[in-house]
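Structures incoming, each one as structure tokens.
Note that subunit A is present in both complexes that follow, paired respectively with subunit B and with subunit C.
Entry: the complex of A and B
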């Protein structure tokens, strides 16, 4: 395990990918804060300092992922993360097989241990790659708007869900989430942390699927792009088939832009994805048994 | 001379024909599922072949497919290089030729696929089932007519330009996947900000057809020359072979 991390730290793609992800998040945070300021002034002008309305305009809506289509860098992050993360991680087995380093490793440790360590390292690193820049984005938005406490929003949201808040019109009716509304009532932090962890699990699943497929594919370029290809192909096919509620692209989106979302879909898709990744990986292990 | 490069390009494609067949099947499945009246979800309305092609978003569907194909085909190993070429100029010409071949084949497949699906809807599905509803709702009356040939030319040259840019970045950065990601990001950002690509697709036909036609040709010639320059400077001795 330690050896794997030493290898990762010597890989210059590792730093490149991490800084690109952080850069996208920084751009998203700055544009988000700008949008928030404009929106706040506009709402202040329109509703003449109605406190109920103003409490619903909160900077947490500009956290990466929450801001959605209006914030370009945020949607770019959610579109391209499999490709970016896989540049650093997916080809680790592939490169060692091509260069012959794998034979060298098999002399020192058992084959089973080698593959297990690779899988676990890739899984954990992909998860951190997805999640860490996003949490950095939260901190950045909070620093720029100087707001850390979201209890006002949580209480207003609670009364919005219950229908007891007095509002001049129903502009904010779209704010009510279909799923996990309780978490948002508890605190926006809990809600977003849940979604980021969910996204991280999906991201790790994709990257591990790519790692498993790298034992079957001979082309380096294709190996790197496999997670992104699966991600986009799923998105396209499920949209065309009319079942977008089963698509990870929509499931990991904290904005919940679809109406037919359900918890079963999330659980089933996540388990299915990990199961497929695991099966392909063990098939690949068995296939490459006779290296020596 | 160019016959030889065309032959090599087709050879490159033939070496990975499984991937190629899978991509064609994927495109066909997407197009057929989009027109079969099976669900109630409707994204947009369309009328002509051009509309139908553009409904699969250029930046999310056409361009990634093209770049994945091109990147896979352009991974030639060093022994092939040694066997095929004697001059650097030939390597440059072969790269350019590969871009144009892949673009032409992809344009042909997508045009034929969308023409076929469009006629399937116009002649078969719509007359039988008049309250037809699929993902892309077919509307018999046209809103604005545009020339299909001009659109195909635009599609071809914009895709070729992105392919040439890919080759340029590949020479500069020495990495296929990083250059692919850069081009994908640039096109997505362009779609959301300045929108050069949509302008060429939707507007240029009515505002300035001849000048945009010439502009694209000029860009292609410039990029071709630049690739020649880069390949001439290529240093084979200091290469990071992984």
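Entry: the complex of A and C
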């Protein structure tokens, strides 16, 4: 596995992709902070500094993913992450097969070990690629707004859920999350960490699916864009079928933008995605058995 | 002649007061489609006569989608907080900035998620509730 990481660190695309993801997060964070400041000033003016209302206008709502469709960079991150992460990772088997390096690797280690190491390395790295820039986004938003403690929000949110908070209107009723509301009551950090990890697992699943398909596909560009194609195809198909609440794009969204989201949908989709990736990968391993 | 004039004046007075009273409190119905890719749209426009809250009685947001709604003044300046995840049979009250009183206000909306289909939305908008 160490050899795999050494190879990755020598790959220019590794840095290019990480830099691009971080750049998108930086833009999203700055846009979010600007939006938050505008919103906070407006709310202060409208509600004449009502403490209960102001406690619900929290900067954490501008963390990437939370900030919603109005923050273009945030939406972009969640829209194109499979394509970006793929550029650095998904063609590692493909390139070694084309260059002939795979034959050399098979002399140094067993075929099973080679494929296992490739799969595990790709899985872990894709997860980190997705998650690390997002955590950086949290730090950036907190730094720019100078807010690290979200206890006040968590307390107000709990009162909102319980219906005990006194507010002048019900504009904030939509803040209540249908799923994992207890995590948000605990802390916005716990809630977002859960969603980022969930997103990371889906990201790893897509990239490993691409890695598996790279053993069947002969076109390099198609190999690289396959995870994005699958991701977009799911988005398109489930929208047409009227089941967007089963689409991973919506399932990993911390805003929970749709009705009828369920834990069942999250678990089933995640397991199904990983199962498909694993089956295709196993088939690819068997198919490439006669490479020597 | 005096009787006729008095009754005419009464009728006109009643009409004027009735129209004044119902200017902002009467419902403005809307039935539109939320644009693709979460772009926003004005659902309804009405005159805001006093500093009472505005109200939205939303009947339908298509499929399982939800909408974000807020109020802007005639110049497009936001004058209320954003109500997120407005859904079917959902009523939201908005406290509106004083600067909007006396002018037209628009109810703006967007889809809360990015999608490539237009989503139907319908309901009633009350610029004033008093």
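As a convention for this text, the second predicted complex is superposed on the first by the 292 of 292 C-alpha atoms of A that agree within 3 Å, B and C clash if a C-alpha of one lies under 4 Å from a C-alpha of the other, contacts with A are read in each partner's own complex, and residues count from 1 in each chain.
Keep in mind that, in the parts below, contacts are C-beta pairs under 8 Å (C-beta built on N, C-alpha and C of every residue); 3 or more make two chains touch, one makes a residue touch a chain.
Note that the structure is predicted; figures quoted are calculated from it, not measured.
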Which superposed partner A:233 touches (first subunit B, second subunit C, both, neither): first
Partner chain in contact with A:242 - subunit B first, subunit C second, else both or neither: both
Which superposed partner A:259 touches (first subunit B, second subunit C, both, neither): second
Which superposed partner A:79 touches (first subunit B, second subunit C, both, neither): both
Touching partner for A:70 - first (subunit B), second (subunit C), both, neither: second
Which superposed partner A:100 touches (first subunit B, second subunit C, both, neither): neither
Partner chain(s) touched by A:43 [first = subunit B, second = subunit C, both, neither]: second
Which of subunit B and subunit C A:220 touches, first, second, both or neither: first
Touched partner set for A:163, first subunit B, second subunit C, both or neither: neither
Dominant contact partner of subunit A by residue count, subunit C or subunit B: C
Common ground on subunit A, meaning residues reached by subunit C in one complex and by subunit B in the other: 79, 236, 239, 242, 244
List of subunit A residues in touch with subunit C within their complex: 39, 42-43, 45-47, 53, 57, 68-70, 75, 79, 168-175, 236, 239, 242, 244-245, 249-250, 253, 255-260
Of subunit B, residues touching subunit A in the complex: 16, 19, 26, 29-30, 33-34, 38-41, 56, 60-61, 64, 68, 71-72, 75, 135, 176-178, 180-181, 184-185, 188-189, 192-193, 242
Of all residues in subunit A, those that touch subunit B in their complex: 16, 72, 76, 79-80, 83-84, 87, 95, 98-99, 219-222, 224-225, 228-229, 232-233, 236-237, 239-242, 244
Subunit C - residues contacting subunit A, complex: 37-38, 53, 63-66, 68, 78-87, 91-97, 110-117
